[in-house]
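In the two complexes below, chain A is the common chain; its partner is chain B in one and chain C in the other.
Here is the complex of A and B:
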């Protein structure tokens, strides 16, 4: 199981979601995609998309304005 | 993204119909020779007959004679030939005048801009809030130097169908050539060149479940037009190059398969989608005229959300649509069509185009409306635009 990191720091909507989608397309079943970013709306819309895709949202963490979302494909 | 796709972007490209594939198959494996004259070998003659048959069938669907229809690589090339071919055929080019609408598709708009650089004058006509060209304004914008008017049959984004008969009569009265881009109407919306005074018509197979890479141009007999590609004598000595016989046969088959019943079915899906969205999703606006629009097209702005976000979320739920929003387009500019009908950046950014095809069902309509209702509500709850709206509404 691989872990794929996507750094979207300083990027605004919809780039973090585009990058997340790109990473999820490449990921294999069971791989973990970790997205890091700073745009507040993306922190909310990525979990929305994960839910719609029926994938597992492992966790969402935030520290000092930087959020980290982990998704299992 | 991960499972079944409900494809609602049929104005961009369509799934090939299996019957088209079966019709073209022999021209890859059995009758693959170049089309030859009756003095050539038999396979070449068969290829010629197939090409002639396809030409006759498509020309006939336009009410034209076969010798008035040439095959091209698609609608982009057809419109380029129409505008530049007419312009090139003139002896004196300087200060000659062309009129197009502001909401034409890029082949017409960019060909016009290219001609401007060569000294032609171009008027880009305004349209009204539904996308219609005003016939009086068209008449008023004509000068003694006007050589060509190019106004689309229907718009590629908002679906508005122009009064091409009225436009054609004005052009005929003034002795000006008239080209129309019928990429999105042919043959869903009837266009009979015997009745409508139009001199050049762009058509394509890619929007009607035919092959990509094949289109055509109707050229009324007697129209002065320059040779487009130099080489051999193909396509009545206007466009040289080996004929795409499989493409031509596929195009003709695709035209044959369109029926009034299918058009009606598309229209029913369109109407259900528009009615349900406008009734069920607040702050949504239809772009284009409610009724005088393409049977397969709906274009709606969802205010306070961005089109890119919507297309991404829809994609992740298995729906393919397009948006007029800037980042979605390769030009990175918002839709010139929505701006053209008086829309602002916000209306452009939130616009989504849904275009139906043969393989869509009413269940697809209901499924996309349900997904949209959820997505729009969620996006508005997190979008700065949506939050501003909430503040405004108190």
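Here is the complex of A and C:
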């Protein structure tokens, strides 16, 4: 099981959402995708996409305006 | 939770093409299917080298307004239309080109970015796509 990192720091709508989806499509079942970003709305919306895709949201953390979302495919 | 979004891209204005591509990419990112049906002024944007050529729908001011908005978008980290279009294709989005517009505006297949276009079609194809869509927009 691999861990895939996606850095969307200073990217805005819709890039973090799109890059998350691209990484999840490439990931294999069981892989963990970690997305890092600064766009505030994406912190709420990536978990919405995870739910819609029926995947597992491991956790969401934020420190100093930088959020980190981990998803299991 | 699947579903589909079908958008008619009638406008060729830069800001409106942005809206269409952002909504379509959002739909794909959230697990939906998405189709973009390019017609009239929208189809001009699928001409080779035409994607970024559209004016701003308001306050274009002979291109000055567009230049200002583009500069601010760059500062905000907004993606280019080309990047959004490539992402749209990578996530499995479908691009449809209106064949009547091609006839009226004398656009040949070789004038268009044929590699991006899934089908050349008419209203029947749009209806077939839209009737099974939960989101359909005219932009």
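By our rule, the second predicted complex is superposed on the first by the 73 of 73 C-alpha atoms of A that agree within 3 Å, B and C clash if a C-alpha of one lies under 4 Å from a C-alpha of the other, contacts with A are read in each partner's own complex, and residues count from 1 in each chain.
Heads up, the rule we're going with is that a contact is a pair of C-beta atoms (placed from the backbone, for glycine too) under 8 Å apart; a residue touches a chain by one contact, two chains touch by 3 or more.
Bear in mind the structure is a predicted one, so any value in this text is a computation, not a measurement.
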Partner chain(s) touched by A:4 [first = chain B, second = chain C, both, neither]: neither
Which of chain B and chain C A:32 touches, first, second, both or neither: neither
Touching partner for A:49 - first (chain B), second (chain C), both, neither: both
Contacts of A:41 with chain B and chain C, given as first, second, both or neither: first
First, second, both or neither for A:60, with chain B first and chain C second: neither
On chain A, positions contacted by chain B and by chain C: 13-14, 17-18, 21, 25, 48-49, 52-54
Chain A residues touching chain C - in the complex, by the definition given at the top: 10-15, 17-18, 20-22, 25, 48-49, 52-54
Residue ranges of chain A in contact with chain B within the complex: 13-14, 17-18, 21, 24-25, 41, 44-45, 48-49, 52-54
Touch list for chain C against partner chain A, complex: 1, 22, 25-26, 28-31, 76-79, 84, 87, 90-91
Footprint of chain A on chain B - complex, ascending: 1-2, 306, 308-309, 312-313, 315-317, 327, 378-379, 382-384
